[in-house]
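Each structure below is given as structure tokens.
After this come two complexes, each holding chain A, first together with chain B and then together with chain C.
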Partner chain A sequence: MESDFIQLDGVEKVFDVRRKTGRLRREKTRVRAVDAISFSVPRGEMVGYIGPNGAGKSTTIKMLTGILTPSAGRVRVAGIDPARERTRLARHIGVVFGQRTTLWWDLPLRDSYRLMHRMYRIPDDRFKVNMARCVELLDLGELLDVPVRQLSLGQRMRGDIAAALLHDPEVLYLDEPTIGLDVISKAKVRDFLRDLNTERGTTVLLTTHDLTDIEQLCKRVMVIDHGRLVYDGALAGLHEVGESERTLVVDLERELPPVEVAGARVVKVEGPRQWLAFPASVSAAPLVAAVAQRYPLVDLSVREQDIEAVIAKMYADRSAL
Partner chain B sequence: MRLYAVVAAGGFRRHATYRVATAAGVFTNTVFGFILAYTFTALWDERPQLGGYDLSQALTYVWLGQALLMTAALMGGGLESELMERIRTGDIAIDLCRPADLQLFWLAGDLGRAAFHLLGRGVVPMAVGALAFDLALPADPFVWVAFLVAVALGVVVSFAIRFLVALSAFWLLDGAGVAQITWLVGLFFSGMVLPLTVFPGGLGTLAQALPWSALLQIPADVFLGKHTGWGLVRAYGFQLGWAALLLTAGRLLQSVATRRVVVQGG
Partner chain C sequence: MGAAEAAETLRVAERAEVGEALGAAGQVRAGVRAYRMIAAMWIRSTMAYRASFAMAVFGNFAATGLDFVGILLMFSHVDALGGYTLPEVAFLYGTAGAAFGLSDLVMGSMDRLGSRVRDGTLDTLLVRPVPVLAQIAADRFALRRLGRITQGLLVLGYALVVLDIEWTPLKVLMVPMMILSGAVIFASVFVAGAAFQFWAQDASQVQNSFTYGGVTLLQYPPTVFAKDLVRGVTFVLPLAFVNWLPALYVLGRPYPLDLPFWLAFLPPLVAGVCCPLAGAAWRMGLRSYRSTGS
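This part shows the complex of A and B:
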């Protein structure tokens, strides 16, 4: 039970999409938004769930909250079948959809929290403690009496995150929680989530397009594409799967023809500066030595490939197949 | 239960926020009250006792209509546009992740809204009407109470209709057309244009049997003392009957909608 706190077993979701093919004729096509996905998440883990647009991330989340019923397969969250007992499950989960808000638009933030207090029947002392904590960590103090419609996107998002957590949910689903936020707001949100996960042991499932979110928060990452789970494992392992490359940037004394060394290829030349790509699994030292020995080297740096590029390559490879 | 009290209080305060809009609305209601009052005066001059009302009662009916226009949402508003928008954009997804019943949640909010509109949009036009014209105001405080009960029941029926209309957005995606049709039908069949008792024969009978008559016609007749004793019970029964029927329909539609329909947006 603890090791498969969230469990999906061969879950599918099929949508019928009607398409106009003529003046009156419509063609019905079946779209598999989620195709035989299985995974489990133990209690207290923080997992990144990523994939390109339309890969099926949100559909999965919706099935995990019970607002969509799977076409096939079995879903369990905290031992509850979400689609069958949506309202009972609702007390155990917190949901933040980055592009949607749950707050009362016209009223001060405080009123929405009062609503949460009653909605989740949070004991008064618990509510006070959680409120104080959210206000402090998410920096909401000055915002409580401001009508939600006057909040900036980042402020509103923090407000929404607090609203999802006042009832101490065991699971938190975050769908794009940092979308559209500036760097400082992003950092604040990430710090808060890290804290929540380590101190409260809240299980977190995070979907995002911002891979920095994943790099900073999640040890485990699942990649979904075309409704299928294409990777499930440690973040570091993605590099191997994606056959990623690192880049050696060398500054030479003067403009020279592309450097020729074994085990690397020049990908870009700009004046005296050249970019050499080499496999991420190989050490950079021999390469640096080889270049230094044969060329007038002034300066150099090694750049790690960011995870974004790795995943982009992974998506591209898959669609090429 | 405390949840729904908070929701109702929120509904009240949300609408109370917009003071300028409220003032402008009160002004509009008052102006329309005068226009209709003079029209009705001309009409009743020509046809005294039309629809069973004398002139003073007819004028009272006019001002009650203005006072309840927003309260009973005779022209729609609030709920449908908001709920439809949430369905259309997919924001409804969050509402469904909550341990609250969708219909009760929105009903509570709408009752709060109606309470605000009764005070904020109803009292002033009614008072102006009473100062400017000779209105048939009830002397018996019991009638005032009976009237408020009828108004509350009317608001529930109004909510039940608008909730059904709003849920249609799950299938139609854009519910503006349906909202407009119900707005038009509601305006006519609530008795906002002319009291339903004025309509002759079959049309009159039909109009008085439809749920919209619970919104204005019945509360107004309670106010004017047309429903007393068992008549009052029958009037309440009519309102309660429609409320129960339409709320049940809304409940069924809600469970179909949330079970089978795609929630929009990624």
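This part shows the complex of A and C:
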């Protein structure tokens, strides 16, 4: 039970999309937003769920919260079928939608929390403790009496995260929690989530576009593309999937046509600076020597491939299939 | 999808239905509780600015009262409207206004469902442990709508004072009965109209034509309208039961379409049928939303 705290078994979600093709004609196409996805998340784990736009991330989250009913397959969260017992599940989960607030737009933050207190029937002492903790760690003290619509994006996001946690949920879903936040707000949110996971043992599933979120928070990452799970494992393992590449950046004396050396290809030219990609498994030294020998080299650097590029390549490889 | 999985999905769907049916009473209780909670918060929040609240109530009172001013203007040129005198029309106006005002106060926010579906904020309501219907109905609970009720009741008061009616206990009972039943019938229209917006997100104006349009219709005697329209609001959308039929009984006036006299006593029954129908439409809409996500 504890090892399949969140469990998906062959879960599918099919939408009928109607498209206008004429004045009255409509073409119906079936879209498989989520296609036979299976995974499980043990209690207390913090997992990143990533993929390009429209890959099915949000659809998965919606099925895990009971907003959407799966077309096929089995979903269990804390032993509850979300689609069937949505309101019962609501007490066990916290949800943060990055793009829209769950707070009451026209009311001060404090009023939203007061309403959550009663709506979730949170015991008074728990509410007090949780409020104090969130106010302190998320720096909400001065914002409590400000109407939500007057908060900045970062402030609102912190307010939303607090709102999702007041009822001590066992699972926290975060859909793009750092989208549009500045660097400082992002760091605050990440620190808070890390503490929450280690101190409270809250299970966290987060979707994001910002891979730094994943690098800093999650040991495990799942990659979804075109509705299918294409990777599920350690973050480090992503580098080994497919052929990972490193980049040699060379500054030449002047603008020259793309450098030609064996074992590397030019991927970008910008004035006298050129970017050469070469397999990560190969040493950079012979390549540097070869370039230096034949070209007027001024400066150089070697860049490890970032996770973002690995994933972008993964998507590209898949769609080429 | 394999046959076994299909069967499993079906079983899950059935269990969901049964679960909902069994919990209907519990759902209503939870809904009322949530409604009161949310409405109370909005009242507290409006009361923080008493002066602006007072102005809003007055504005609502005045804006809705203009309708009656229009009727008064008409009667300054004619003695009767469709064969009805001013106090009689005032009686129709007052009962319709009070009934509609009551349902507008409680359910008036329902027409925002379509925009919530469009901008995706409906999802945030679906992850809370209380019924969605209550959350939408109570959202931005506007006590200023008391203005419309007050205005309707004042006109009704005027009618009751001026009208020369031979009151019987039954006729006395009819007045509160039609206001309450009427409010419930209108509330059902609000809910059913909102349910329709799950499929047609821009349909709030269609809904408004039935609610706000409906109450305007009921403020005038049925004799001024075409028979087909009267048939429509009697047998299709049962607005005639809000005030026309019971009010004509109280006024001792002939019914439209030669309807039998006992129809005047049916409003509570009609309201009792409308409620579960609207509830079923709402559940259908919500289920459709949860399977399509749009």
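Assume the second predicted complex is superposed on the first by the 267 of 321 C-alpha atoms of A that agree within 3 Å, B and C clash if a C-alpha of one lies under 4 Å from a C-alpha of the other, contacts with A are read in each partner's own complex, and residues count from 1 in each chain.
The rule is short, and it goes like this: contacts are C-beta pairs under 8 Å (C-beta built on N, C-alpha and C of every residue); 3 or more make two chains touch, one makes a residue touch a chain.
Because the structure is predicted, anything quoted here is derived from the model rather than measured.
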When chain B and chain C are modelled together on chain A, clash or fit: clash
First (chain B), second (chain C), both or neither touched by A:Arg294: neither
Partner chain in contact with A:Lys219 - chain B first, chain C second, else both or neither: neither
Which superposed partner A:Glu12 touches (first chain B, second chain C, both, neither): second
Chain B versus chain C as contact partner of A:Asn53, first or second or both or neither: first
Touching partner for A:Asp81 - first (chain B), second (chain C), both, neither: second
Which superposed partner A:Ser71 touches (first chain B, second chain C, both, neither): second
Contacts of A:Arg303 with chain B and chain C, given as first, second, both or neither: neither
Which superposed partner A:Arg91 touches (first chain B, second chain C, both, neither): both
Overlap of the chain B and chain C footprints on chain A, listed as residue numbers: 15, 62, 65-69, 86-88, 90-91, 93, 95, 97, 99-102, 104, 106-107, 111, 114-115, 118-120
Partner chain A, residues of chain B touching it in the complex: 2-3, 5-7, 10, 13-14, 17-18, 89-91, 93-101, 258-259, 262-263, 265-266
Chain B-facing residues of chain A, complex: 15, 53-54, 57-58, 62, 65-69, 86-88, 90-91, 93, 95, 97, 99-102, 104-107, 111, 114-115, 117-121, 147
Interface residues, chain C side, partner chain A - complex: 1, 5-6, 8-9, 12, 15-16, 19, 30, 34, 37-38, 41, 44-45, 119-121, 123-124, 126-131, 140, 287, 290-294
Complex interface listing, chain A residues touching chain C: 10, 12, 15-16, 59, 62, 65-69, 71-74, 81, 83-88, 90-91, 93, 95, 97, 99-102, 104, 106-107, 111, 114-115, 118-120
